[in-house]
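Chain IDs A, B, C and D follow the sequence of writing; residue 1 opens each chain.
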């Protein structure tokens, strides 16, 4: 869609400069760490933008993939902190039992990094293949993914010895050999997150300007029509879904050293929906909208949530209602709206779903 | 014997509650393709309505029977307001209604937290529901039977209404083919409003039943919405009998899983069971040819 | 380009008991503009739906040696069968070029999807010229006129390099000039490809059809050249006698789908 | 094309920035670098008490699921601060509190703790409820050398130089409850709990102690915290026919449990329940169906002590009052007074000075539950054990009291039935 690639690209460049150089210079440690946390959500949000905004798949269970990355990372950091011992929380329930089998490989940094990338790809691959080939879509897809997130959160809560349960994993001392308490190292972790966010933006930028990006929009707007051009829409959607899962996993993985704790509360229904809030606010189909929206929602939670906690919940609720009702393409569609008002343009194209619906009617 | 009877009976009651929660959802989803994520909060409204009725009529023997229609109307009115103010603007974007109603749910939850005592309020069970029925050696709580009877009554009333009243017939016509119904002179606007009123009202009735089983507080609705939707999906859209069978199956599965494993694992297994089932039959148990969005 | 013909034999389609197409046979060859006509509810579109895999049908539909029935939609397309729709369905948010580029992507390796488009494919340029859309290259398809959308769909079939073009009412809603242009376009295309047109418009059919098959209530009523078909008394009866009742019948069908 | 070259340039630039930044940042301490690991990095405290006020942070969930329970704790903290201010403040300085919302989200607790300590520069933080929230706060207060006062009974097996625990640890609530059951001659026990860390840990301890007491555990059931329906599990309890049910369920799920219990025809006469999370606040939501059952707490509203009537009176008069007092509220209330006593003993708001004062001599003060004493080593306080029986007014009749105040023993060092190897592994892991 991007007609002038350099505009988006210099936008990403500007964003990179802001995140990587300006922010560390201007912000206090506390706010820089908060920004790091928002960046983790932003990374997941960029993926949601790809899957939902461009692909039309309302992913309401990104918590699942966020969890895969986060728990992989947290298990590694827990083992790094525990050294040769079995992590403390496991001891009480069975003092003599060894480390659960699936924890063992996470001692290895290499395995952990590979798991953060491969686990979501494999899980999303299988799940997406099964769902898209069976043409599960729309609200079904949304609720099924959310049900999975709830199921996973419940499962983790109930397996205390294996996963730390509801209390989650926390109190990490080291991050791949670096002492996490050291401010210099915290800055490094922040910079990694910020850099990863930029990389994700570059990835989706390339996706959006590629033929795949066009095909994805085509699939979103008229899945059946795409079929008649000789593509299997399931494959198109699968690619976008897997990439978005990967991004959620990366966001989750970096969330752990930044925030210092991961619990099932971060992956269940509420958390998964909150990830969408930012994307809707910023503009689901735009390049920067999801990331900026996620950062804005994170910031709102930190600042407004402090000064006016009850109010923040109402604002969040209203945000869903007002933005989606009146600004379905988010804040990033505002400039274009103003331009349109200044210079009259042809009417809005009809709602995307129509073509597909008409195709599915059986006519004689 | 107990190992079979208890889960079977309790599971049926659990299924009946799920059915009550899912009935309204099935109606609004089947009719309009709208997923109302605030449905759980409408359920909560029904439960609080029951509490308020008990403040007026203190004899619980009488208050619960009175609370049922009151909860239906109160929750229904909330649904009507939601339809008129928000949902009707969004019929062309069914998927987006899902997110909008998430926002509505958040607001209703927070409002309930601030209006009512945060710990929740008591809703007293009628005395005539004290006691148990002995079935093959198992002392089955009467309240469980009540849930089943209530669900049965709601299903019967709903299907009679759909079948024998002109409104009901128009609803069915709209479910089958909205455009055709419109061209045949049915005001789909009125039908939509009415459907939403009835669907939300049923959530209110479910809320009264839920208030007799668990706590009545701002968080109570959240636990029902996803299971209820899974039931609707597994049953097949716009299919009353599908919803009934699916709710019963999920309830009994939950009870048996809970019997064999733990309460947590039962939840996980039941969810996974439904998801796998939808893999095998994405259209649900029973299918009807409609212009649905899925 | 190819000598393969489309041969449909004893095609049947049923919708929960209702027979929409009951044993239809016809064939179409390169070099002719083949028409499928009939009143509403005759089963014309259903035939195309069945051939392209959108609805399930029994019998046989062969393109050359290859059986089409029973295959998945996108695989049938990849065998060279393309179609358009009654209501022009193009990707409204994408430009004409992007629409065509997606259609052309059929023959590219998947990995090339990840690269951005550079320049315009020669096949796309040819199709644009052929359909007279060259000037609309960068226009979002959603704001094209109705006729232009139909041409864009035909252009998409051309870049897709379809051997068989199944066109569902391509001139509905077009002006007289546009109809003529479309008809001439179809004749040009038909030189190398199989073109099968479903139409209501008798005048358009008379001007451009090489051969015609008339369907009525899911059966072949008559088959032959325009003159032969027009002379057929059965055809006259259907078109004069029952045209008005057909609409009502179609509605009854929709109603029945319910239970 | 120019696009490509521009893109390459941008990529290179980004890459360069990242590399430089990482190299700059990467000079931080690494594992094994002991000087850094020892915590020298703790930032110098920014707490400013030179004026006539002292800033304190209050951190509870005011929104989300846990707001159900935490709101009252938050309110009572405000009341305690107002009382202390009316009484002249701490060391003559008025308390100026900063209220934060944990939003039932544990990373938010961590974030807000850091904010309170580094942005608002509060001298101490009060609040929390769930173990998850405490575990989220703990690393942050330890890193920044702050103070956190945690007011809820919990699963023990923890201590931190930066946390003061004013609720019961297991040997002040769970073990007295077991002693009570043993004294009643209970032979069989069924464990019912919510599926999270407190019930799981409490039940692990109960099982160890039960073996010693000769009580047989005839079943163990868990249901997720956010699920209300206990019918299936209660059916199993009814089938097992235990002498007593030990209930570690938390939150609204308790209502569902009690209703299912009552519906199944179980009665306090035959199958009584002893709970550790049902207090005066929770009982009303269960109506008459909970009447006659037991609860183990340190504080009850019905306790007759010198300061309790005053506490109840103030709370009833307080604007956001729920009208009844309960154990977690009392623990939150006294956490503020404990801090006041500590600071006054230290003569300073400085964290290290406060901790030193705690160790120097026993801090003792009159709490509504009685005269409590702080253990300067493990930062818990001594508490009386009480068992109450719920009456028709949803108040508790006290039926059993420990013969003396129970010294806090979070690692159960004074109990020989607790395996030493577990304790060692736990303290090792914590150390």
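Just so it is clear, a contact is a pair of C-beta atoms (placed from the backbone, for glycine too) under 8 Å apart; a residue touches a chain by one contact, two chains touch by 3 or more.
Every value quoted in this text rests on a predicted model; they were computed, and no experiment measured them.
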Report the chain whose CA-based centre is farthest from the CA-based centre of subunit B.
C
By C-alpha centres, the chain nearest the middle of everything shown is A
When centres are defined as mean Cα positions, the distance from subunit B to subunit D in whole Å is 36
Chain-centre distance (mean CA atoms) for subunit A and subunit C, in whole Å, is 42
With centres defined as the mean C-alpha position, give me the subunit B-subunit C separation in Å.
46
For subunit A and subunit D, let me know how many angstrom lie between their CA-based centres, rounded off.
33
Could you say which residues in subunit B touch two or more other chains, in rising order?
110, 222, 262, 264, 267, 289
Among subunit D residues, those touching two or more other chains are 63, 195, 222, 224
Scan subunit C for residues touching two or more other chains and write them down.
15, 257
Would you tell me which residues of subunit C are touching subunit A in their complex?
15, 20, 41, 43, 45-46, 49, 52, 54-55, 72-74, 77-78, 82-83, 85-87, 89-94, 98-99, 101-103, 105-106, 108, 112-117, 140, 142-143, 156, 160, 250, 253, 257
Taking the complex as given, what residues does subunit A use to touch subunit B?
56, 58, 130-131, 134-140, 142-144, 146-148, 150-151, 154-155, 157-158, 269, 273, 276, 280, 310, 313-314, 316-321, 324-325, 328, 351, 353-354, 357, 360-362
Subunit A to subunit C touching residues, read off their complex:
5, 206-207, 209-212, 214-215, 217-218, 221-222, 224-232, 346-347, 349-350, 352, 355, 358-359, 362-364
Can you list the subunit B residues touching subunit A in their complex?
29, 33, 35, 86, 89-90, 92-96, 98-100, 102-107, 109-110, 114, 222, 226, 229-230, 233, 262, 264-265, 267-268, 271-272, 274-275, 278-279, 282, 289, 291, 293-294
List of subunit B residues in touch with subunit D within their complex
2, 6-7, 10-11, 13-14, 17, 110, 113, 117-122, 124-125, 129-132, 138-139, 141-144, 210, 212-220, 222-223, 254-255, 258-259, 262-264, 266-267
